[in-house]
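One chain, chain A, links the two complexes that follow: it is found with chain B in the first and with chain C in the second.
Right, the complex of A and B next:
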């Protein structure tokens, strides 16, 4: 009888998983002017809802917890907000600095680090509670913060050009200076094997490569003479290096102040080619499982996206998806790319094989698009 | 031609004035494009804060020059290729007093 009652109870009680949501094909779009996020369903090409109250989301970015349930959103006003994708609500929020630029989550998902402009430095928080764990000051604005395996983070300093590797695996953090990248690092990126930390420079020509598998190795500089024969144009938007394309044994890099994409051999850092493009590149992102990279451009030439074949280095498609194209995010297997058109108030979904628009999703002045698959990629 | 010239002189604005639709585009540009570096709320980022309080010691004509010619050696670019002098002055006035 007892067993029967239990069985009945189990049958009658609504199962806890009945309205559960799988998050593997979800994503968030930043509505930067209104301080809100749109939760999107990648498979359904649909907006599921809006999450508000995230403060100033200028230049905002986010990263995901390993279970793809939570997003950590890094706002310009120093706000670090933990968003729950299941309840579509804010789970925790701290204003941890006056002015921030981005963040990263540790490889084990236990720590979240924020890169700050004002005051400079890195602050590290417990990913569960957002309780402070460490505060690492720097002599200036921090840029290019990435996660490095072993509960570590790397970052660069805009004013001083210094690069640091911080190890937060023990109660007391260990901070190792890795050397000087050069004048005014504007962003940095970690290669997909977490071997090389590449720092782009604004104050001088070139890129500095730091070997994270050998902390004693001095940084190597490359592309130090590119463009010396021409005059650089004003830079109306800093290029971004996150999602920097690595393809066909090459790095595809934005030429700062020039209408060019530069190709560098990954083995010896020698420049192999340059591709003349529509404007100054902002994002150069590899289409997964393909030879192609997609490029968007700085204002005022930001209504175009170009596709380049990494084998021939030729532009194979020039698309005009909409007004003020700010970001592109690929489905993890590369079938689709989602493109934010800020001044059209929508996100456009393109089939990457036909390179045709297949859907639109409304969003207010959308900027960054972040699919939950990022949860499993080092450096994102 | 002689008859047109006085008309043009009469039409010349006393201070930097721009057509209403261009003013709307410039306001959008300040928020979005200046905002790329200075923050959408102009409270600073890679670039310094450019709120009215932060600019209260900067004369508008100096500000207009910085907008047109940039600050060499920094990330502030010259906007002269994209803006007329009147438009730069309009932005300078708008930054110092954004109230319509």
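Right, the complex of A and C next:
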């Protein structure tokens, strides 16, 4: 009877993990050297646990299910791993290609697509089971894969410059070629309204803009000064276009190979300004609900973060948070930014209003930081 | 021993409610007549349960904690109720005024502010405990309360036309008057970048725009044709400005008392178009990641929803989902819209791409629908 009483007490008591099971303020940090993830709690500035066995995460990203329970982790080794944030364990894992470079989840959360370098193409999986749903070959490496409303995805091909829109809303996928972006697209990004698919080029100067609301419209090219500079300026790290910041009616773009952030008018694609910065920009990310963008830089100048005001285009702060700053992730309403300092084995939490460090969370060689709020954003 | 075995089985088994505790795709529907809420699961198109005892919800709204666990419900009777989505119960409740009209949560999730008609002013509470933190009197009814980054709130006063910005980041609140919006502000809204606070006027024509990134800038007035029409056009229902849609570089505004949606250029505040519609608009809401806005209407024409393309400003669809359509809430990435049909005692789920009904969820006299994704959006 005593056992039963204890039993009832245990059963009727609030579950011990109840505090952790609301998933709105959780996140994952990629530990790039050890193939593991750290589960973090944004409100508590805390690491809740580690999930291991995810393979090669040396250039990894992830996306979330609409309920913010599952993460889909895209590893460099072609591994696609479904991670359960509630149980803090791997729910499913497939090695679906030899070399992959990111992925996306459909707007309804039903399909996960992976962008492959080797053998190329994109592969689409059932988000519940990771069972294969579609295999779309391409004539080269796919880059810039994004989700598009209506259970669709868009992507570009490095070797051919082609851009495609794939519609997976019916049992048979419908793949529509949208035209040629130019020579060697290296990444792409979707604007926050899912209107424009912007493709950065490495083999020629310029950015190509595709109107996803009018598939018959030809791509427009702009910023034709933009892109690869001469061989005297080696590109230490390809910038990420997923980081392109949209603020004050502008795009803030990383100049490839140059110590510069470029500003482009969103309506007419004219360059409006350029900002000299500390190094070659890698990520340029808008601080939500503010005029500011934050920038980190390629090695060897990667110990600095700069903040730029999008109205004046002036650098308003230069921070030295730590060694080898690889990524930044904002709290969705902008009050904090979490910064990964790989060589310090720490994630640093900054108050964005005072621009001061308020907490540190340990992580082994951290790179990407991903809050669950991404589940609700198109194109991420 | 048998009891102990059963006990261990119960304790060690995966908790039965684990599926429901990821909170990213949950929501609450206000049952206006019965002072209750229905907890809904967006992915499953399901009602999970009912929470009762919230007082007068005849004109209620709510906001969410950053972890998407708690809702703060603002009732018409001055009741502020904290609801726990995990336990599906009331966590705390205070009746803090005689008559209130909405509220907001600070960007860091620490403070909840309530906008009061009787006795006026705003009151600020600790989000954990609902203990009072600050009481800011005004010379009249407060309207248009919104959260502003940096643990701040903005509001307007109906009787005096004053607009205030309150900073609650230090122990002593700092209240800054921003100027006079005009005669009888009836509601206000913050742009998605938290840059501009737009105040709609009832006592004169026009909208006042306050630059929250420059507190010294005087308010600008625009759309001076806008506002109350002659007495020959009674206003059946005050439109909600929180619904103002921002799309394609424009604001889509409800014309007060007229069967019209007005379009204003976001950069220069010039009116660019007007769209004749079925009735007096109440909510105009942008379908995320699309060119479309959806509009519902004041009684007696409230059985219709229209869809307008923000590029052409043309009505592209007219739907008759049910009787007394009071509110619409989009899935955060836009794949679905949930529509409350008060007099059908149902919430209707529409696929936004086919614009067809795909599910129904029962609810008693439903009004506002609120998905937890709102936790991550400034100004809501």
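Throughout what follows, the second predicted complex is superposed on the first by the 352 of 380 C-alpha atoms of A that agree within 3 Å, B and C clash if a C-alpha of one lies under 4 Å from a C-alpha of the other, contacts with A are read in each partner's own complex, and residues count from 1 in each chain.
The rule is short, and it goes like this: contacts are C-beta pairs under 8 Å (C-beta built on N, C-alpha and C of every residue); 3 or more make two chains touch, one makes a residue touch a chain.
Given the structure is predicted, the values throughout are model-derived calculations rather than measurements.
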Clash or fit, chain B versus chain C on superposed chain A: fit
Contact-wise, after the overlay, does A:169 reach chain B, chain C, both or neither (first, second, both, neither)? second
Scan A:193 for contacts with chain B and chain C and give back first, second, both or neither. second
Touching A:340 in the superposition: chain B (first), chain C (second), both, neither? neither
Could you say whether A:33 touches chain B, chain C, both of them, or neither, answering first, second, both or neither? first
What is the value, to the nearest 10 degrees, of the angle subtended at the Cα centroid of chain A by the Cα centroids of chain B and chain C? 160
After the superposition on A, what does A:275 contact: first (chain B), second (chain C), both or neither? neither
When the two structures are overlaid on chain A, which partner does A:107 contact: first (chain B), second (chain C), both, or neither? second
In the superposed arrangement, does A:99 touch chain B (first), chain C (second), both or neither? first
Chain B versus chain C as contact partner of A:61, first or second or both or neither: neither
In the superposed model, which partner reaches more residues of chain A, chain B or chain C? C
Just to confirm the value: shortest Cα separation between chain B and chain C in the superposed three-chain model, in whole Å. 30
Chain A residues touched by both chain B and chain C? none
Parts of chain C lying in touch with chain A, wherever the complex brings them together: 1, 3-4, 6-7, 10-11, 14-15, 18, 21-26, 42-43, 64-69, 85-87, 107-109, 147, 149-151, 169, 192-195, 213, 247-249, 266-267, 288-291, 311, 331-336, 353, 372-373, 375-379
Can you check the complex and tell me which residues of chain A touch chain B? 32-33, 56-59, 76-77, 99, 101, 117-118, 141, 158, 184, 186, 202, 234-238, 299-300, 324, 342-343, 365
Contacts from chain B onto chain A in the complex sit at residues 28, 31-33, 35-37, 39-41, 43-46, 70, 75, 77-79, 81-82
